[in-house]
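Going in written order, the chains are labelled A, B, C and D, and every chain counts its residues from 1.
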């Protein structure tokens, strides 16, 4: 696996909190344009892995590269986001006292400095882009609602919309289907597949049906390192994976 | 005042005793008066040989008296003695301090311990003279009048109205003279404690004329401790005398061995007043003592720091619950402390009026009451106001600020705006020394008490079902509720617990600080600093935080002064929080994000 | 760019507020100076001084609201910036006394003569010039806020931790200024002012002018705050307040935003302090007292956090209540004031303005939703409101998790 | 400036007489400006009650100029700018003819310009640092020469003190007093190293370090004393620490200028017997006037245990002086009263008469008292005559040439006797 051609490259990453090894010698490569599903039991280190990629947590050892050349371990959240890595949280996190429209406007790719935003005027192009996104995430009618008043599923979508508004190269999506109805789950899967056409995507999910419906390569994490990798059928045939999931 | 006079005057003592048939015979009556007069001073008993020490001590005192009688030259009848002394005692009432001082000296010169009670009373401000006939009495106020006691015979002498008697004034200089006089009069008293006091008095007086008396007393002394003090007193006197060098060198050595500040003070004086070998020896001794004091100073500073830390801990520990655990920005916390202090005041006031004997237990009585009062008020506040504000901690700031204003004003309206007196029980007063370090009892008890409260709280939170529920509710309210915990009650009780602990902190703080409506305001900021510095939600953090801040403050104080030390501590907190944005002991995991 | 920035600040609400403020600025001095004293419309000097003080308090409240209401930084130390601005102005006024002090020393203020200082300390240089003092009024609080904020925000000190260290800051300054060795007059502070810009500070015309200046400063700062909060930057601030991590992961450098608004706010507080001092005639370390900072927060909460008008209204109302209570119920006024705070918290959780505008929009909402009933199936639990009003205040208090600011549980 | 100033005074005068005139149809109003809440309430509330009592008593005697007196009470809440605001309210809105109030120096400084501007009268009842004399203010408390210097003299002569600790709260009164004392002690031949000066913040409550410093300083072989200008609230913990550390008055006496009966009421004084205070009045003063005053006071507040103190006596004197002066002038007009009051002499509570001097300070006896175990002081020394309050200290560089005399033609609070000019030492 060549670092130079990868979208995201993790090698030998370890991090521990107070002696507890949350991530243990983790290596992972995502190619440009790839969609990858990551599964694993609770405490396998999925969220911590995302924290490392997005700059929230610094790894103790190991390398994290973006686009093959950019060392992410030296950057903070804001600059990693500006490099083109978007992240959706496990629990939907939107700006509740802003309207749907404002949520998207804040996420749009634009200069991020205080003075730039102070004198910012919304352009026609930006408006058009927001309209497009509203269409995509099916919230056109709710554009003037406060985000606080959206349903759970709608908030998930809004957050995905905000991710897209950033125009990232890589999306990290943490449990997008949690708390959704079956119909919503299916729709979300469609939405992700749509997105994956021109972005790299990493999806962390518990719901096996959902992962199956994505139909992509799967990585199984366990105790902070990769346990198995391959198609869903391949990994679910792996005895160790079964053991981890069913317990010893 | 020469020794001869002393000896010559002694014989009068025996007849007095004889007249009373036995020294013990009139004990009850006299003792009664003494009890009334000076409940606080257990050392008064010397005046009459106490039979509390059992037959042996009685025998001993009797023998002493007998010896004195044998030594007597002349024989004077009891009436004569009283009559002879009475005019002298009455003279005390005449003139200004200088005059009184001369009279005290004259009384001392009689060498007759019978006058000691009169001198003691004079020193304590209990000696009065009757305006009508100029007779001097020991007077105890009772209501609007005074009970009079004859200072020589100890017999009750009727009562007098407020305007009929006048107090004989006494000032510090006079008190020092009396102390010295009593010292020489009582150097051979039967009670070792009295002899000890006498020796200490002579030590302070540094009177070279006492050297012979001391030698005599030393020869007869059986108690080692008293002997040591007498030797020190003798050394002090020798340094102040014109005795020869060898005596002085020996004295310097004695004081050097004594090694404390009192000795240092004398040695410094001796150093500048003498020359040659004595000066050199004194200089060496001074250097030695100063070095040892400097070492002890570090220990002393740590002690001060711990003591300040324990005060901070006490003040903050209740807040560590209401703010730290429950997340209520409890601005009324200081007022809970204040209420605890006022409960102590009320308890002591009741005890004073109805059961003075219980005074030493007043704090123990106050503790549960303060806990209950503050706790109930806390529960009231929680039920009435705070429970509507969960999830809006910043608004609890607003509401509890309002409550704190109301409570302050309420206390001001009920108890008045001025300081109220909360006394220290005997076991909280005074100090003892460890090496060169002075440890005051109240500070020591407060440190222990703070640690005890802390340990108790930890136990409650970790080992009881209530503690379990509390932790459950604060960690995950919904889950706790669904498991059948009645969260509203747990909230109320937890807040009550925090407030109650603040209340018992108030009991302790009443011992060292003002009891006024402003009491709480003085502690609230420091309390928040401690809790935040230690890490919100972590009781151990509060403990370590309080102690750290206390010790840091006390180490800075000697160099920077009290004001700058405090400023530096605040700056230290600000910088520390930059390094650890969640305090000393940050809560781990995803749970806390306030 | 600039025009749109300014234009954005103006809307109906701002218009009404500024019109009212203008009326006050014009009418009160006119009522004092032009209307004869026996007329019922005469405004006594006492009232002018009092209202002038209220206006400076309102400006202070505005500055607190900007950081707390819009960016979620609860400052318990804003009085420090207020007092520093006040001291800068006070130092100018002291230098203006010149040889009219009791000792008649042309250079040294009285307290220095008194404590045997033989020369002016270096930090007093320049304060004899108004422009320099005016600059310091803004720069000193601004610089302190910048340095403090630079460290605190970079270290990501948030929530109560930040609040408490702001309190530590003001407390430390309180103690420092109490020290006579500092050269700021110790506990007595700076007082006995004579002139400002050559005008007698006690003259009614000067008072009226100071009153008007306070009003204008308040209006201008309101306008600036309004422009800031309605810009995209304002939206980012609210975003930071509601979900700081989210904002970070969107690529915003949260600390820069906080630092920006924190510094601006401190400068405004400094201006408020500078206008306050000549009107009350004294500045002393008591102004640094942590309790003062807490009070400011309370004004804002009473008026309505996150609404600029609310901050102004809260400051004026609470202080009016205080003035009134201390005169009418001198012995028990704390009951009334304390009770007011409790009642407001319990029954007007969003403050006066917040509650009123909530009622207003709820009314509008009902009309709207009556026509468009259907769709989402999730009827709004809380009516939409000014984007600034914190949403977390909307829900019912009970049963919610303890964490107040909805923070993401990453 | 002087022209506008005069106009201003005139305007203020007109306003006050007009409002005053309207109100005076029934009563003469007296303002009481003492903090009833906040940190100073602890001391000042008593003075408010004392004033109410004095006014009530005066009304029982038939009031003043045939009218009843009416007290107007406000609460400046220990907030210094608020003092100025409330003073203005009293004078301008309520139309009071005289104000009795303030405790701290800073509160007095804060209201000074208001009284000057509106030309009203302030009676200030607390001992203070001096260095001030204002036309509209009457200082009925002690100036430093009426308290500090006699106390030091006493310790030197009676107790033979050679080594001095000057401990105070860090504000202007202790700073000035200590400055004066330092100069005075040095003039008496006390060496630099025998003086230790220590300042603590307001409300300081942890005295362990300082008390042990005092102890150490006191063990240098010379008789040592502490001169304490520690402010009210901090005294209780200070004395508690002293008592516990076993520092006895016979060994290291402490003489305090801010500790009165009221402060001692919050303390168990048994361990403190013999420590000293210097005042111009003690509750224990054995005179009929004082006995009557105490009785009236205790009846007024309904508390047999309630103590009296020096600032209360100052108000008693100040109030009676004002009454006398108003009677003499036949009007409450401030200018007339200011002219009439100089030279007015009224009985004080310690058996003599106090007179208002031209510098607006009064004459007082100086008493040194020792703390007794019942919380009272016993006078152990007093000046043989009355001491005239000195507005400007002779021991301070900037002020030794200044005098104050508010009588015509001088009418100046800071007249420089060297330059012969009014207006301080400058040119």
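Definition applied: contacts are C-beta pairs under 8 Å (C-beta built on N, C-alpha and C of every residue); 3 or more make two chains touch, one makes a residue touch a chain.
Keep in mind it's a predicted model, so treat the numbers as computed, not measured.
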| item | value |
| --- | --- |
| Greatest separation from chain C - chain, by CA centre | B |
| Which of A-C and B-C has more C-beta contact pairs | B-C |
| Distance between the centres, which are taken as Cα means, of chain C and chain B, whole angstrom | 48 |
| Rounded Å distance between chain A and chain D, as computed from the means of their C-alpha atoms | 73 |
| Cα-centroid distance, chain A relative to chain B, in whole angstrom | 68 |
| Centre-to-centre distance between chain C and chain A (centres being mean Cα positions), rounded to whole Å | 42 |
| Chain C residues counted as touching two or more neighbouring chains | 175, 178-179, 331, 334, 392, 409-410 |
| Multi-chain contact residues (two or more partners), chain A | none |
| Overlap residues in chain D, where contacts from two or more other chains coincide | 36-37, 170, 199, 201 |
| All chain pairs that touch each other | A-C, B-C, B-D, C-D |
| Residues of chain D that touch chain B when the two form their complex | 36-39, 41-43, 45-46, 158-160, 170, 198-201, 203-206, 208-210, 212-213, 215-216, 218-222, 233, 236-237, 240-241, 243-246, 249-251, 253, 262-263, 265-268, 270-271, 273-274, 276, 370, 372-373, 375, 378-381 |
| Sites on chain C touched by chain D in the complex | 37, 44-46, 49-50, 53, 99-106, 111, 113-116, 175, 178-180, 186-189, 191-195, 200, 202-204, 280-282, 284, 286, 323, 326-327, 330-331, 333-334 |
| Touch list for chain A against partner chain C, complex | 47, 51, 54, 56, 76-79, 81-82, 86-87, 89-91, 93-99, 102, 105-107, 112-114, 117-122, 141-142, 144-146, 148-151, 154, 162, 166 |
| Residues of chain C that touch chain B when the two form their complex | 74, 148, 151-152, 155-161, 164-165, 167-169, 171-172, 175-176, 178-179, 290-291, 294, 297-298, 301-302, 331-332, 334-335, 337-342, 344-346, 349, 392-393, 395, 397-405, 407, 409-410 |
| List of chain B residues in touch with chain D within their complex | 40, 97, 124-125, 167, 169, 171-173, 175-176, 179, 204, 261-262, 264-270, 272, 293, 300-301, 304, 307-308, 311, 408-409, 412, 416-421, 423-424, 429-431, 438, 440-443, 511-518, 521-522, 554, 557-558, 561-563, 566 |
